[in-house]
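Okay, got some structures for you below.
Two complexes come next, and they have one chain in common, chain A, joined by chain B in the first and chain C in the second.
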Partner chain A sequence: MSEHSSSTARFAKMMVVAKDEWRYWLRSKLAISVLAIGLILTLSSVVVTAINTMELSHTRHALQEDAEQTFADQPDRHPHRMVHYGHYAFRAPSPLSVLDPGVDAYTGNSIFLEGHRQNSAMFADQKQGTALTQLGSLTPAFILQTLAPLLLILIGYSSVSRERESQTLTYLLSQGTSGFTLIAGKGLALMSVIGLILVPVAISALFSLHEGESITAIVGFVLGYALYLTVWALLVLLCSSALSKNSESFTALALTWILLCVVMPRVASSTAITTVPAAGKLETDFAVAAEMRKLGDGHNANDPAFAQIKASLLEKYNVDSIDQLPVNYRGVIAMTSEAKLTQVLNEFAEKRMQTELAQTDVSRDFGWLSPMVAIRSLSMLTAGTSIETHHKFLREAEELRFDFVQGLNKAHVEQLSYQVDMNRNKDTDSGQKARVNAQNWQVLDDFSFAVDTPSLRLQRGAPAFLQLLAWIAALIIVIRLVGKRLV
Partner chain B sequence: MSYMFKQLSREWRFMLRQKYLLVLLGCAILISGFSVQSGLNEVAQQQQTIERLKAADVADRTDTQNKQDEIGMLAYYTFHLTYSPPSDLAFAALGERDIYPWKHRIKMLAIEGQIYESDTQNAELTQAGKIDFLFVISALSPLIVILLFHDLFANERSSGRHDLLVTTAKSPWALWGARGAIRFISLFLCLMLPFYVGAWVSGTSLVAVGLVSLCCFMYLAFWAILSVYWGKNANSGPKVASGLIGIWVLFAFITPILGDLAINKFVHSPKGGDIMLTQREAVNDAWDLPKEATMDAFTATYPEWKDHVAMQSMFEWKWYYAFQQVGDQIAAPISQEYRAASQKKYELAGYASLLSPPLLLQRVLTRLAETDAVAAHKYEQQVRAFHKTLRLYYYPFLFAQGEFDKGNLANLPSFDKFINKQHGVSDTDSAQTTNK
Partner chain C sequence: MIEIVQATAVIEANSLCVNIKNNSILKSLNFRVEAGEIYALLGGNGAGKSTTLKTLLGFNAPSSGSVKVDGKEVINALNHVREKTAYLPESATLYTHLTARENVKYFLSLADIQKSDDEIDQAFDRVALQRNARDRHMQTYSKGMRQKTAIALALLREAPIFLLDEPTSGLDPVAIDEFNQLVRELASGGATILMVTHDVYGACQVADRIGLLRDGELVGEFSAPQNGQIETEQVHAAFAQRGAA
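For the complex of A and B:
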């Protein structure tokens, strides 16, 4: 009972300290302007990014439907013409990309799909950029990850050291407030600022419910940022109570911020690139081309590489020449070589994606050294704007590509006779004959890209959560030690 | 002279006794060293990639040429490597080479379908940005300068020594000047030494090193003077520093972001995807168009083949490549517009960077290192020009009838030779100034 009443008394004291801190901020011009600037920045970033993303989402859905319609509307043609005519896959942005666009601006968000090759995603927004936003862009993620900690430092660096410098600390302590209660009270005040910063973000995140985002992902996302900013509040409290002067506390915090928020993320990515070198697409293209020459050119049914297929086909249908086959030999060759080629292409693509993941893992491990790296990964992972989502898009687009190309090849095999096909270039009439009905262009599956399930995304974010929690635990332990010795 | 030296050596000893200054300087040299090191690594990787690609390119072409005999097939399957090697200053300013492609494989098909192929690195790492020397100088060093200089006066005032120091010093310059100079020189050297080592390793020309040094000196001096000026009457160091960091945030983030928003609103650019769409539609439509339609459009550009456009069969390679050319012609206006828009954006970004010293420095140094959008644009022009020489090489064989003799492949254009020739003709003056 007495323990309970002492803990409520302690909490009441913490509240008094927190309220006092707020009173100090409201009186101080610096703190109030920092707070105002912080809120304005967060709000405007939320609004600007939301408008951009909504535009993008709508255009991409419309573009996808357009592309499907255009494909289906093509006239009767030789099926292989449609293989080269190709199709597009568009990646609609994930709902939470409103708050963290992640890699979206760098990957490009549409892919041209055609026979015989895997194109890279094209037209990343950055290429048509002004190069002005290299240091940071007006996204809520950037504001929260980089600038919000600075804001906490600017208003909190003197929270305890100020009391010491103005000699009110000994007074407070001798009044029966324990060192830890004092620090906790100041912490409470900082936490209320964090809450204030997170309000617009949380509201904007809730709006993405409407776009089909799950509440779990939203909670995970906002919680991640709350943990991250808590790390900073703790760092501020630690420096402010461990160092004896305001100026020392400030310098230490500023330097910490520079190292953790500005230097570390870049050190992480530079280290990742140099420790896990990745062959570019061009290099794998050469390797693929070499493999392909072994497989034979699917356009040329006389390629000696196909002799075996020919023999087994003749045997299967028990005929002497390819003219007598009930199926179109050219079509069969196109179909088989597309399948083999795709296998090779997928092997290389998979290897490349694994390398990229290995690189990303190296850079994410820096989250143990910098909470900023941890929240960066966590934020992109839960928002579904990380490299994994891009890879998912590449894989699904490839599936779409393979399906429609083979669908067309099937029409080539079954609906176009070999003789007609061979005579296609003889004159206009035979050219007209060597076509299949436009009905066959319905081979396209409806493509609509969705990010991974919330549980999978959160599962991927688990290490980053752990990193943040480890930071918090370590800081609380150190602060308790410092709090005991506070004089 | 010895008087000045005495002042400086006193301040030097004073600085050595202040631990936090030493920590700051230590961080500066460590970070700068790391950035130069990773810049050198990155450039070495780029060069190795180019070497590997060159070897693969030759092997690939030889294979293809052994396998194919027909001129149309040869043109269809023969790729040509194009690339833009990193300059000897690129290690210090990696610039936008991770956004703009600097290597391509080009063949005789429509160039508009090939030039936008991007071979970029891991997007998540690109998004985080790399740490290069330029980043350390333009974004980080102002913060270190602020931490070093903001409390020049405030520190002495708050410890109550200010008035005593001022009255005992011979002149304000002997005291504050010497103190500032020592801090400035130490920081400058800590930041620049790794760069000088890097420049020596990669054989950067002295002119470039001199220019970079000058730019960095002016930039650091700007921040130092601003910091001293801002804090000249203040009592509280942290307040001065807060204001200065506010200015830094304004220059490094806010102005550029606003500039970016304004420029993107102001300049209308066609969508990149539309270029490819136009080109592809043109090429695909050509299969169903009367052959004359394609050939007429083709001979409008190349009238010399007017008498060779008649076709014997429904499919001939010359027609195939003619409609590739026509596809480019149809997509040309929108492609021009796209490039004009990005040039316009670059130009306007120049004005915007006048309001932001960090960006101004980035712009100047990436220009020097040839790692900016201008260099990327120049490379794109080279690729386009090279593609044209490929066409000019193949058209006579495609259009003039007769068997193709594979001996002619010896004269096949190569990007290496093409670049050397271009440099030999037009860049002699600039080569003289930039070559070491």
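For the complex of A and C:
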């Protein structure tokens, strides 16, 4: 028999075994109930999360437009009042967040932007809910990462061990079927279950094409989950083939699930926090305040910290006093101060973000030890709901903040005379004069947050892909060895 | 001039030793079964009968010596050996979620054999499996009915070599007679049959030769006379004298 026809015959036998496995499941109430529950859970989570995310997306877009309109509609005012009036930046959810909201549920999705401050993102879903919802939502990602492996365990733990326990294994093998062909056939059946689980997820992912998601990211996302569930199918087959009793196989798989899905992700987080310590909020706030004090108070033009700026301006314009300057000295101080202060704030923010990334990297390395950690990273990265995306939002929001604040400071410098500005609190009339035209409020750029490009997201996810592939390769090697000794 | 032809050994064990978990189960076992012959390995519990069959199927590797089926070393030609062999286990363990017909079809498809429903029915007729039971789930089957299904499967395999482990276990006396008749028909059709059993009477009724297995060694052989049966008393005496195992 040629090699080709031999492999065709082997594959045909695998299909026979796989079909029989399905027949067994369909005739077993437990297996069919587990399958039905799994499918219903996946479908319902896809629908519910999709509706929630679409509503969120719509709301955030509307709120963003509303915030921009409200800012632009403000009457003539003193420009610095507008600096403190502030503005909101909303992060629209990424299209694939319908399947994996990732860190979005825990980090805020909007930021109040104002002068001299970098506020934290707020309105995280998990902080808005009751204590119970903080345990985590029933998202498709949760179903696929945590419950789908259990589903595979429940229907597959006895796939080979029951043949051994009921003494059909020797009989099966004596028909000329190799141990590996038998295990592979059982594996094919489990893979078809994985296919069933992934169908609603893949369809839902394809819908995100309409929301602007790329097909590359969608394929990467679905492929990642296919690899992850394949790892579990192989683990199920390995335990079922290597252990002689159904009860032993089930116990081993239950312990493996607890270890890989419950314990290891927490060990990863704890290790990350321990190996890469991050400064606490209070500690950081004090450090930022100390640095800011060195810069001087931008509201007080006479602060000694600005003496050098004053001297250089007087020299530049060849005048004796700040009253004679062709620009508003208070505006210049506000502008300069904002630039310096932003530099300090950005340094602290970058340092914090780098620490968070370093912690995330340590945590992601645990993907070599737990496929759950690998898929969690890969899923968030390809969906555009990872910490990197959140950082991108923070940076873009900060850019928007700085630009609009400096735009208003520019109006302060150029369109309001120093004298009028200094007399603004003298009486009502003076206050009215110390205003600039509302046309100046058109300093806001349209803020529309977009996740990173699909290629960058997949590039970041490459190590997690490798981790899952390594798991699969290692498990196949071990299963081949077990298959040879299968009796 | 008369030409003496050396009969071909289809099954052959030469100084076969098998150790399982450091226990010596088969100790320098020697026997050969020729084409068209019915050979019964007779022995008590723990004598090494089932181990011998499993070694012939390649489930146990010899620790020394050799075992050949169809002229090939078993361990080097597993696929060939299993393709040529129909194995009937002691307790026919078939799938209870399937009917007898589905069981037979499933096992046949794993052996790359396609049979029509009519052919399967003919095999069921030969083993006298009731018609109304053939499409019933096997969880309702008696041990004898399961055994008949397994025998039908062995027949449908059309293999030239049959390895039968306590084949009449669970069968009623009528079914045993029918089975013995069937075995003789197969042998006369050229099939080589090795059965292991502890049933002295059954072995004497059907076997051309009997090998007495004791503690992993062949301690005696009995051959049937031309057109006759091996004497039960003789074998029984040897079996009792030498001990069950």
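Quick note on the criterion: the second predicted complex is superposed on the first by the 480 of 487 C-alpha atoms of A that agree within 3 Å, B and C clash if a C-alpha of one lies under 4 Å from a C-alpha of the other, contacts with A are read in each partner's own complex, and residues count from 1 in each chain.
The definition used in the following text is that a residue touches a chain if its C-beta (ideal position, glycine included) is under 8 Å from a C-beta of that chain, and two chains touch if they have at least 3 such contacts.
All figures in this text were calculated on a predicted structure; none of them were measured in a lab.
Asker: Based on the superposition on chain A, does the combination of chain B and chain C result in a clash or a fit?
Answerer: Fit: chain B and chain C sit side by side once superposed on chain A.
Asker: Going by the contact rule set out at the top, does A:L314 touch chain B (first), chain C (second), both, or neither?
Answerer: In the superposed model, A:L314 contacts neither chain B nor chain C.
Asker: According to the stated criteria, A:H84 is in contact with first (chain B), second (chain C), both, or neither; which is it?
Answerer: Touch partner of A:H84: chain B, not chain C.
Asker: Could you say whether A:V17 touches chain B, chain C, both of them, or neither, answering first, second, both or neither?
Answerer: After superposition on chain A, A:V17 lies in contact with chain C alone.
Asker: Please determine whether it is chain B or chain C that touches the greater number of chain A residues.
Answerer: B
Asker: For A:L39, is the partner it touches chain B (first), chain C (second), both, or none of the two (neither)?
Answerer: A:L39 contacts neither chain B nor chain C.
Asker: Is A:A72 in contact with chain B, with chain C, with both, or with neither (first, second, both, neither)?
Answerer: Neither partner.
Asker: Tell me the contact category for A:A9 with respect to chain B and chain C: first, second, both or neither.
Answerer: The answer is second: A:A9 touches chain C but not chain B.
Asker: Which partner does A:T170 reach: the first (chain B), the second (chain C), both, or neither?
Answerer: A:T170 contacts chain C only, not chain B.
Asker: Looking at the overlay, what does A:R27 touch: chain B (first), chain C (second), both, or neither?
Answerer: So A:R27 only meets chain C here.
Asker: With both complexes overlaid on chain A, what's the closest CA-to-CA approach of chain B to chain C, in Å?
Answerer: Once the two complexes are overlaid, chain B and chain C approach no closer than 16 Å between C-alpha atoms.
Asker: Mind sorting out which residues of chain A both chain B and chain C touch, each in its own complex?
Answerer: none
Asker: Show me the residue ranges of chain B that touch chain A in the complex, using the header's touch definition.
Answerer: Touch list, chain B to chain A: 20, 23-24, 27, 31, 34-35, 38, 41-42, 45, 49, 52-53, 56-57, 59-60, 63-64, 67, 79, 96, 99-100, 103-105, 116-131, 135, 139-140, 143-144, 146-147, 151, 154-155, 158, 236-239, 241-242, 245, 249, 252-253, 256-257, 259-261, 263-264, 269, 271-273, 276, 280, 284, 287-288, 313-315, 338, 341-342, 345-346, 348-349, 352-353, 358-359, 362-363, 372-373.
Asker: Which residues, counting only chain C, touch chain A once they are in their complex?
Answerer: So the residues of chain C in touch with chain A come to 54, 57, 59, 78-79, 82-83, 85, 87, 89, 91, 93-95, 97-98, 102, 106-107, 109-112.
Asker: Which residues of chain A touch chain B in the complex?
Answerer: It comes out as residues 30, 34, 48, 75, 77, 81, 84-86, 88, 102-103, 105-108, 110, 112, 119-120, 122-124, 126-138, 147, 150, 154, 157-158, 246-252, 254-255, 258-259, 262-263, 265-274, 277-283, 285-287, 289-290, 293, 356, 359-360, 363, 376, 380, 386-387, 390, 424-428, 430-431.
Asker: Mind listing the chain A positions that touch chain C in their complex?
Answerer: Within the complex, chain A touches chain C at residues 9, 12-13, 16-17, 20, 23-24, 27-28, 166-168, 170-178, 487.
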